[in-house]
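Chain nomenclature is as follows: A, B and C, assigned in order of appearance, with residue numbering initiated at 1 for each chain independently.
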Amino acid sequence: MGKQWVKGSLLFFLMVAAPFFVSLYYVNIFTEILIFGIFAISLNILVGQTGLVSLGHAAFFGAGAYATGLAATHLSTNVFLTIVIGMLLAFLLAILIGFVSTKAHGFYFLMLTLACSQMVYSIIYQWTDVTGGSNGLSGIPAPSLFGDFILSNQVFIYYFTLVVFTIVIFAVNRLLQSPLGYVFIGIKENEDRMKSIGYNTSLYKNISFLIAGTLGGLAGSLYVFFNGFVAPTDVYWTVSGSVLIMVLVGGAGTLWGPVIGAAFIVVLETIISSYTESWMMIIGTAFILFTIFAPAGIAGLFSRLTRSIFKEKPHPVEKQYIEDAIKPMKRQSKING
Amino acid sequence: MTTILSIQHLSKHFGGLKVIEDITLDVSVGERVGLIGPNGAGKTTFFNMIAGDLNPTSGSISYFEQDITKVPNYKRTENGIVRTFQKNNLMFGLTVRENVLLVLQKMRNEHIQWWKKVTQRNYRALHEETETLLQEWNLEMYSDTKVQELSYGVQRQIEIVMAIAGKPKLLLLDEPTAGMSQVETDQIIALINKLPKEVTICMIEHDIDVLFGNMDRVIVLHSGKLIADGTPEAVRENEEVKEIYLGREEARYA
Amino acid sequence: MDTLVLQLMNALSYGFLLFIITCGISLVFGILGVLNLAHGSLYLLGSYLGYSIVVKSGLPFWVALLIVPFVIAIIGLILEIILLRPTYKLGHLSQVLLTFGLAYIFHDLFAMIWGKNIMTVTPPAFLSHSVEIMGNMIPSYRLALIVVGIIIAAVLWYTQEKTKWGAVIRAGLSDKEMVGGLGVNIHLVFTLVFFFGSLLAGIGGVLGSPILGVAPGMEFNILILSLVVLVVGGLGSVSGTILASLLVGMVETFSRFYVPELSLIITFALMATVLIIRPQGLIGRRA
């Protein structure tokens, strides 16, 4: 435990010091990594921890982003209020979509989350009066912190995001290894057995969905302040695919894996894309390689390498996770042929 | 004697296939009941319906005089109906300790808490209870091994210990000694006999020796129907039972 | 009322196009258990190759229609052999992820070869005019598409229901291991099914390009539409896919015409509704 604190604090101070040593270009990349790190962490609670593979997480990101953007434009620029509004919409959406989706398993769950997410996309795309339609939401004012202090430049936004990210990491770290976190893992491992032990697994799947969705909304809210702009393309299903890649390449079921995955994708999309147009090909190739050779993701590779240093390994991730996640799919596809 | 379980005209059909047909019986608190019958007689299906894992086609099930026919399986477990499975059905990717923790944290109602890690420091009582349980049933040495890495026999023990950890009032054991050596079987039986007298046990068994000497009562199922219900000795003498197990010719000479 | 007939023809032709595309992904999913998320990419590749043949090389449309599907089918064959066959032991979800990675790779490959502009393919000359039906001018290409669609649907339906190959497919849809146990070379079946699915994607790509255009990124739109059809129609039957394709075609076309602000929402609401009420689809089989 002591070692974790030391490493964490070191990392935190490095991040705080960063803007003094690197250009704004890199500060922005860090901010983006932190935001998508939160997004990936949120999906991991659903996919890596509870074993519910969803292709509809973009819906919550979009809900948070649009709600916060609209609140900032029409209501108030107070950063806390607007973010809470964003998370609230994501929360309500998660209740709705979760209720409907968690009744399904495997392939059907995947398709339902996809369908629901695309409905959200469609609503955003077509409700031009409110959301700006395909033109997106622009001219979003900078958030204000306490009354007059405006987070007007990217460095302020970076620091704010860093603080939020730190809080999220703290909280999720505890959640993943808490009794509730173990309930999620139990459901992923063997849902039927959990029911026989006395757990109302539907309820817990919904709780997992709620937490994941709300945090996804938080990521969206932070994004809209960072980017100043949000468009329907940020809610399209390929975004759901992208964040799923982040979780799987980074290492599902771990705390930092999703963040590493987010960093991987963001770096490819921003830095690498200035050298070559074909960054998607690189992501695709890496994804294929990881799926075949390193299903535990980067975090898995890393922990294999440094097992002695990392004493606390919350959830050893292996191929079993993938197999277990798809057992209901296999069963279902066996039934359906 | 208090009736713990009352089954009235229970039936289960899958389309045209009648798996369980019109079973009526009562079980009293503390009874040790053995359930036998040839393969395909419907024993596990019967258990599944009592546990709530399967819905009956018709009939009713009452538990302590409350109708539980429509109550979901997890709720039944919360109220004391605990089952084991014919095939080891554990959280294979987790350690033995983690499996037991999942049962105990539910029993202690600590399962909703999300803000503290499940470490010994934070949950001393929970971990102590787990340790005690594992020591009591001689599984201590496997505490931190993943279930999937353990032998079949040990997994079977864990299967039963998990059920016992759930402080059952009605314990449904589905072929607990399946695939075990004599030594292992004796261990399991000792385990079961250690349970308090108030615990009602219903056990599906193929091993006749296990039933005789350990069970007060034996129920025989055949093709979904209840064909015998009495003490082990009475059932052993039952003509119909002999016919089923030994065939019509042999029964005449048994 | 005039436009109603036109819209109906649009809906039918669109529906049959969807059918051709979805049949490919449905077959592969049903038999191999792999949801090929690169199926839209194969469709788009068909469109791109068709474009190269027709617009760049100036060859007639029917040449493209003849060659391109087989090229796509062979590419599919190669993909199955080098990527899917060695990885079956990883499980279905992993293979779905593999195809997703493939889609990403294809996306950039297309941009490298054909650039990022939106392109059009004009239909063959003899189909570039309109035909009068019930007092309406209907583009003859659309009519041809409907005819072709009906023929392909009939052939596929007949094959599945009445022939030995169909029996193998139907059996494979019910129980793969059993089929393997009966001495059928399951690996060969898998590869052939993937070949055939890709063939259909290629046919769809060529036939669809005059109607849907050729643009980067559209592979994801096509993919998700075929998923809608897949869900609505259910697995395991050609007739289910036909019904669902036409239904989705109708819903899409008419909602776009009458209530354009709601058209997208309606399509996905349909998908979600079917998943909730009747997850096996309209005609799909369920244990």
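The working rule: contacts are C-beta pairs under 8 Å (C-beta built on N, C-alpha and C of every residue); 3 or more make two chains touch, one makes a residue touch a chain.
Note that this is a predicted model, so its numbers are computed, not measured.
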Minimum number of chain-to-chain contact steps, chain B to chain C: 2
Most remote chain, CA-based centroid, reference being chain B: C
Chain B-chain C separation of Cα centroids, rounded to whole Å: 51
Cα-centroid distance, chain A relative to chain B, in whole angstrom: 42
Length of the line joining the C-alpha centres of chain A and chain C, rounded to whole Å: 32
Sites on chain C touched by chain A in the complex: 29-30, 33, 35, 83, 87, 90-94, 97-98, 100-109, 111-112, 172-175, 220, 224, 227-228, 231, 234-236, 260-265, 267-269, 271-272, 275-276, 279-280, 284-287
Residue numbers on chain A that touch chain B, as the complex places them: 171, 173-175, 177-183, 185-186, 189-190, 192-201, 318, 320-321, 324
Interface residues, chain B side, partner chain A - complex: 51, 53, 72-75, 77-78, 82-83, 85, 89-94, 98, 101-103, 105-106, 110-119, 123, 148, 162, 166
Residues of chain A defined as touching chain C within the complex: 53, 100, 103-104, 107-108, 111-112, 114-116, 118-119, 121-123, 125-128, 236-238, 241, 245, 248, 277-281, 283-288, 291-292, 295, 319, 322-323, 325-326, 329-330, 333-337
